[in-house]
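Each structure below is given as C-alpha cells.
Same chain, two partners: chain A is paired with chain B first, then with chain C.
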Partner chain A sequence: MDDINPAIGAFVQEAQEILEGLEDLLLDLEDRSDPEQIDAVFRTLHTVKGSGAMFGFGTLARFTHHFEDAFDRVREGRLSIDGRLIDLSLRARDHMIALLNCGGDGPQATALEEAPEAIALLAALFEITGSETSKTTGGNEDTETTAPVQQPGTARRWLIRFVPEVNALRNGMRPDLLIEELGGLGPVDVSADITALPSMDELEPTRGYLGWTIKLETDQPKSAIEAVFIFADDAELAITEEMIAPPAKADPSEVEPSSSNVREKSGESVRVPAAKLDEIMDQLGELVIAQARLCQMASADAELESVVEEIERLVTGLRDATLSIRMLPIEVVFGKFRRVVRDLSTELGKVVTLITEGGETEIDKTVIDRLSEPLVHMIRNSMDHGIESGGARTAAGKPSRGTVRLSARQEGGEVLITIKDDGAGLDAEAIRLKAIERGLLSPEAQPTESELFQLIFAPGFSTAKQVSSVSGRGVGMDAVRSTVDALRGSIEVASRRGTGTRVTLRLPVTLAIIDGLLVRLGNAVFVIPLAAVEECVELDAAERQRESGRTMLCIREHLVPFLDLDEVFGWPPSVESRRRVVIVKFDGQRLGLVVDDILGQNQTVIKTFSQYHRDVPGFAGATILGDGSVALIIDVATLARRALAERIERKPAA
Partner chain B sequence: MAKTVLIIDDSKAIRDMVAFTLQPHGYQIVTAADGAEGLSKLRADQPALIITDLNMPVMNGIEFIRNARQDAAGAGIPIVMLTTETKPELKAEGKSAGATGWINKPFDAEMLLTVAKKLAG
Partner chain C sequence: MTKASRQSSSYEMVLIFRLSGEAFAISVSRVHEILDPIPVTEVPNATAFAPALVNVRGAIVPLIDIRQRLRMQPERPSNSTRLVVLELPVAGIPTRLAIMTDAVEEVAETDISALEPIPDLGSRWPEQYVSGVIRHGSDLAIFLDTENLFCPDPERAA
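Our next item is the complex of A and B:
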C-alpha cells in the first residue's frame, strides 16, 4: 500500500473540506431537516468512512461508521432530529477532525480513539442507535472482488460452461481475457460453441453470440474460478467438478510492464502554494519598476512611447489578474462563526442570532488567513460583554433574542468588516475609571468618547465585571489591534448605551500592492499609505503652536497634534522654509506628519523586509521607485503610537 | 503499448490512489473530475478501461455510463463503477446502463490491479 502514499495528502485535504462542509450541513439541519439534507449528511459520512479505510485512517473509518449508523436511522425515519442529536453530531464531527489530524492510524490515533471523551461519544451514539456493537466492527464492509486465496492442494478438473449475455461485449466484457485469466489458474482446454451464430447479413457486430466450454485443471478452490467470472453475473455460467487428475503447474500470465506515462490533467481549479503566488507578485513588482524606468527613458521618443504605453496597459492588466488570483470571498471566514455563535450561546445561556452579510466580498487570502482569530475574539466579546442576559433584555424592552450582525463590503481599495450587536453598549465612564486604574489614562485627562473607546484595545484592558471562560482570558482586544495593524488596517468603535456597539475594521483589499503618497524628507523619499491620508496642508498656512510641551497645529479651528518626521527619525531639524503637513488618521484620531515636500501619488508593490529588519517599528516595508531608488513605506499606526508614547515619557523631564 | 486507464472521480485522493496503484504496472492514466469531462476524455484518449465513481457533480457515474455506451467511442470499453453504496439495486442500475463491473469502496491496491488486469489485460 506504500505506493498510494502520495495520495494521502490529497485525502486529508479533501476530508478536511468535506468535514468543514459537514458542520454547515449539521447546522442547517436545525432549520430544515428534509430528506435531501439528511441524505447529504449521510453521504458525507459514508464517503469519509469509505476513503478513510482506504487511506490508512482505520480509526477514523470505524468511528465514522457509528456516526453514519445514526444518520442511517434518521434516513429511515427511525430517529428524529433534535438539538441533542445535532449537539452530539457536531461533537462527533470535531472528533473526526481530530482523528484526521493524526495523519493516519498509529499511537496518536489509538490514544484519541480510547480517550474517555471518545468512549463517551461512542456510548452516546450507541444509545441513540440502540446498537451494542463493539468498537472493533465497521469500516471494512464485505468486498465482492477478493483476490483468489492461495490454497495449495491437489489439482482437480473442472468443466466450465460459459455463455455471456448478448450485450456483454458492448458493455465491455472481454471473454478472451477471462479465458486467459482462467489459464492463469491451470492448463485450459477451450472450445467455442457457435451454434447461436447467425448468418453474416443478420449478424450485429456488437452483440455476443458465442458460448464456451472450458476444461480447467487447477489446485485452486472453486471460489478462485468463480472470482474470475465475478463481473459476469448475468451470464449463463456453470462450473462443475470432473474427476481427480494428477497435479499440474501452469505459468501465470502476466501483463508486461511498459513505461508509464502520467498525464494528470487538472479539473476546473488548481491548488497552488501561496508562496508561488507571492513569487509571481514579486516578479510583477520588478516588471512594474522596469516599466516605469522605461517610461522615463522613452519620453523623448514618440514612437517608443507608444510601445511603452502598450506595455504599461499590459502590465496593469497582468497585475490585476494576478491580484485577483489571491482573492477569496470572505464567506470562508464568516462560515466558521455560525458554530462559534451557537456554541457560545449554549455556554453563556444567551440566545443569539448571527446574521452575516456581504460574504461574497473578496479579500486577499493573506488577510483572510489572519482575520479569523480577531473576528472570533470580537464576536465573543460582543456576546459575552455586549449582549445582555435574556432577563435584562426583556427588562430593557428589547427582544430576548440578541443579534450579532457581521457584514463586509468593499469601499475603494478597502474592505470594511463590521461587527454590530444590539447589546448594552460600551460604558464610557466605566472605561475611563478602568483606564485610570490601569494607569492607561491620567485622572485629569479629558478624552473624547471615541478616544475612550479606543482604550479597550490597549494591552491588559478588560471591563468585564467577571471573568468568564469565554473572554477575559488574557488575550484581549489588544491582540485584535496588533493583528489589524499588521494587516495595515484600522479599527473604529461606535457605541450607544443601551442600544449596542459597532466595531468596524478597515482592511486593505490586498497586502501586495499599496496606494501611496510619495513624500520627501531631506534627500530621502518615503511612502505614506494613501488609505491613512486625510488631507495635506502647507505648514506656513497652518498656525503652529507649541504649548506646554504639546505640539499642536490649528487646522480650520481644530487642534491637531503633529509629529516632525525628522525629529521622529532622529535627524537634524530640516532647514527648508516651506514645509508640508500630511494629515493622517489612526485609531480614530487625526495626526499631522511634517515633511519637506509632497511628490505625488504612486501605486507600488510592497517588498517585505528581510528577516533582520522585519522588527524595525514604524515601517511596513519598502518599495523601489521608477528611478531605481528605494523608498521606505511608513506604517502610520505604529510609528505614531511609538512617537507619541516617547513624547509623553519625555514630557515630565522637559 | 501502454494501456490507458481513464479514472473519473470528483475526489483527487481517489484519482491519485488509482493512478499510483496502476502506473507502476504499466498503465497510462487519464483522469476526469466528472462524467462530462469523462466523456470528452473517452473520445480523446480511447482508454482500454474506465473506472468511474457514481456520485459526482455535473454528470454522475450512471449517466456517464449510459452516455458512453451510446457513443461510438464507448462501445465495448470495460467500465467499472466505484461505489460506496452496497445496495444491489444500484449495481443493477449500473449494469443495465452498461457497466461491466464494480469495485466497492473501500478497495485496496491488489483488488484494483486484479480488476484492471481482468478487464483491460
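Our next item is the complex of A and C:
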C-alpha cells in the first residue's frame, strides 16, 4: 500500500467520505423524501460510478451503475421510497465501501463481486428496477459505466474549458477518460488547446501542456458536469452555458448552491495527513518545555523576564491554534449511530428514537478516532438491556417508542458525553448478586449504589439473563472502560429503577498537553492531571481513622479512602511530618493520594512510555520539567484501581 | 590467508566499554552518543531491567540495566562512569535507550567474521545475549547480541 498512486489514494479517501455522506442521505430519505434529497443520492452514486471507473475501480463502477439505476427510477417517480428500498440501499452502500476498500480491481474485488451476498443484492436491485438478471457479473461492461442516461428534456449547450494541472498526468489523471465520460452525458465537440506546448527540446514528457475546449449538449444539470471533474480539482475548469437554446427548464437555484459548495470545499480547506499535525504537536511540546525552562532562568533579570513573558504569550497562542487544528466536531462520530440504532431497532424488534445534541462540541481527533467503538457498545447496551420491549413499556405507562439521547458538551478542559435512555434502569440488587456470584464482591460488603453501578464495567460482568447477538457477552463494557482509561477519561453511571439510565463519559479535550499538579514525594516529582484533582488538604495525623480494614480520611465529615503513594510505589515510608493529600476522583468516587508536598501547577506535554515501561501500571507517561528533570505523570484511574485491588487481596490474609 | 576467507571477512567498528572489569563490545553503528552521568528518574514498580528514565537532550529515554541480564552485580558510580546512548530497533521499533557503563574504553576496528564462540567460560554469560568474543589487544571482549539483549520481554528472546 506504500507505493499506491497518490491520486488513487485521494480518490479512495474522497469516495469514502462521499459514501459516509450517502448513509446520512439515505437515512434522511426515510423521514422526508423530497426531490432534492433524491437528486443528491443520484448525484452521489453517479460521481462514484464515474470516478470509480476512471481510477480502476471497475467492479465498484459496475455495481454502482445498477444502484444508480434504481435511484433513476425513484427520480422519475416510477419507484417509491419505502423501508425495503432504504434497507436495500444501505446494504448496497456497505457493499460499495467493501469494494472501495479492495483498492481497485483485482482478485479480492472479483471475489466480493461474486459473493452470494453481492449477487443477492444485485438480484434485489434488478427486481425493483425491472432489469433482466443476465448481466450480473459480466466483465466487459465498460461501456455501461459511461452509458448515457438519456432522458427526454430540454438539452442545453455547455462550453467547458478544461486545463489539467501540469503535474496531473504524473499523478495518474486521465483527461481522455474524463472527456469520454462527458461524452456519456451527451454529444460532445472537443478541441485541444496546444498554445502552452513548448518546443521539442524543452518538452518534458511527463508534464501536461494541453488544455481542451469541449462543447457539450446535454439535458443534465451543471452539477452533473462538475461531478465528472470532481477529482480533478487542481485543474483550471470553467463551465459556461451557451445561451442559444431557450432558457433552461432546470431550476438554477438548485445548481448554484451546489457549485459554490464545491468551490468552498476545494478552496478554503487543506487536507493534511494527521502525521504532520502530530509532528507540529511534538515540536510545540518541545517549545513549551523550553519555554518553561527559560521562564525559570529569567526570574533574576527584569529585562529578560519581559521578553520571556512575551514568548509565553506567543507560545500559548500557538499552542491553542495548533490544538484547534486537531479539533473535530463530535458530530463525526454521532452521525454513525443513526444507522446503528436503525439496524438494532429492526434486530431487537424495539422501536427506538435516537436524539443527538451538542454535535458541534469539538474534541481532539485522537479522542474521536477511538471513541466510536465504546459509544457503539454503550448504545447497544442501552437498547438491548435498557429499553424494554414495546409491551412492557406500555404496561409501565411509558410511550412504546423508546428514546436514547446522546449528547455532548464541553466543561472546562473536558468533554462530557452522555448516553441516556428511558428504559428500565439498572437493577442494583441484580448487580450485587451477580457480582457476588462472579467473585467481584464479597457477600458481606455494603457498597454504595454508585460503587455497584461501576461493577458493570468489570471484566466478565453481564447482567443480561439471556445472551443476545447484540450484547450480554460481558466483553463490551469492560472494553469501554479500558478505552476510556487509555484516553484518560472517566465514566459515571446514574440510574433509577423504571425511569432509565444515564452514563456520562468525561474525556479530556486533548491528549497532547495537560494541565498538571506537581507533587513531591521524597526527592521525586510527579504530575497528577489537574482534571482528576478535586482539592488538596493537609494530612493531619489525627484525622486518620482505621475503619473496617480500610484506611479512611475524614474530610468535612465525609470519609474518603486514601492511598499513601510511598506504599503504592513500594518505597520506604516518608518521614516528613507535614504531608498533604490530593483528593482525586475516579470511577465516580473520591480518593486521597498522600504526598510529601505540593509544588504547584504547570502545563505538561505528555511523552508516552517506550516498550520498556508501557506495562508499568499507574502512569500515563512522562514529561520534562523546567529544570530538565524527568517527571512521571500519574494515571489516577489505573493507579487507584490496582492499589485498591491489591489491598482487597491482602485483606483476607491479614 | 586464502582468497575465500578474505572475502568473507568484514571489518566493523565497535565500541569497547567495561562493566565490573570485563570488556564488552557493541557495534558503533548502534551508538548515538556517550554522556557523563546525568540525573535519572526512577519509575516505581518498573522491572529491574528498565528501572529509570533519563532526559537526553529533550528526549525521554529509558535507562536499561544490562547487568541484570548478564547476571552481574551492581556497581557504584565512579569518576569513569559513562552513559552510552544507543539507537537500535527493539522488537522492530526504532528505539533510543541508554545503558550505564563503568568506563568507555575506545572505538576499535574488528573483524566480525573472526568472531569466536565463547570458550570455556560459556557458563558465565547467558548465551542468548552474547554473539561471541573478539580480540581486544591482549584481552578478549564480549560481543553483545543487541537484538536479544534489549528485547523488552525476556521470554521472546531466543
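Quick notes on this one:
As a working rule, the second predicted complex is superposed on the first by the 507 of 654 C-alpha atoms of A that agree within 3 Å, B and C clash if a C-alpha of one lies under 4 Å from a C-alpha of the other, contacts with A are read in each partner's own complex, and residues count from 1 in each chain.
Keep this in mind: contacts are C-beta pairs under 8 Å (C-beta built on N, C-alpha and C of every residue); 3 or more make two chains touch, one makes a residue touch a chain.
Given the structure is predicted, the values throughout are model-derived calculations rather than measurements.
Touch criterion met: A:Ala631 reaches chain C, while chain B stays clear of it. Of the two partner chains, neither chain B nor chain C is touched by A:Ser191. In the superposed model, A:Leu178 lies in contact with chain B only, and not with chain C.
Residue contacts after overlaying the shared chain place A:Thr240 against neither chain B nor chain C.
Once the two complexes are overlaid on the shared chain, A:Ala524 sits against chain C while remaining clear of chain B. Contacts of A:Thr316 after superposition on the shared chain: neither chain B nor chain C is touched.
Once the two complexes are overlaid on the shared chain, A:Ser306 sits clear of chain B and of chain C alike. In the superposition on chain A, contact is made by A:Lys607 with chain C only, not with chain B.
By the document's definition of touching, of the two partners only chain C reaches A:Gly618; chain B does not.
When the two complexes are overlaid, the chain among chain B and chain C that reaches more residues of chain A is B. The touching residues of chain B, counted against chain A in their complex, run 1-2, 11-14, 16-17, 19-21, 23-34, 37, 41, 55, 69, 75-79, 84-86, 95, 98-111, 114-115, 117-119, 121.
Note for the complex: chain A touches chain B at residues 1, 3-8, 10-11, 13-15, 43, 46-47, 49-55, 61, 139-147, 167, 169-174, 177-178, 180-181, 206, 228, 230-231, 233-234, 255-265, 267-268. Against chain C, the residues of chain A that register as touching in their complex are 286, 289-290, 524, 568-571, 607, 609-613, 616-619, 622-624, 628-632. Interface residues of chain C facing chain A in the complex, by the touch rule stated above, are 39, 41-47, 49-50, 53-55, 58, 60-62, 64, 90-91, 93, 95, 97, 152.
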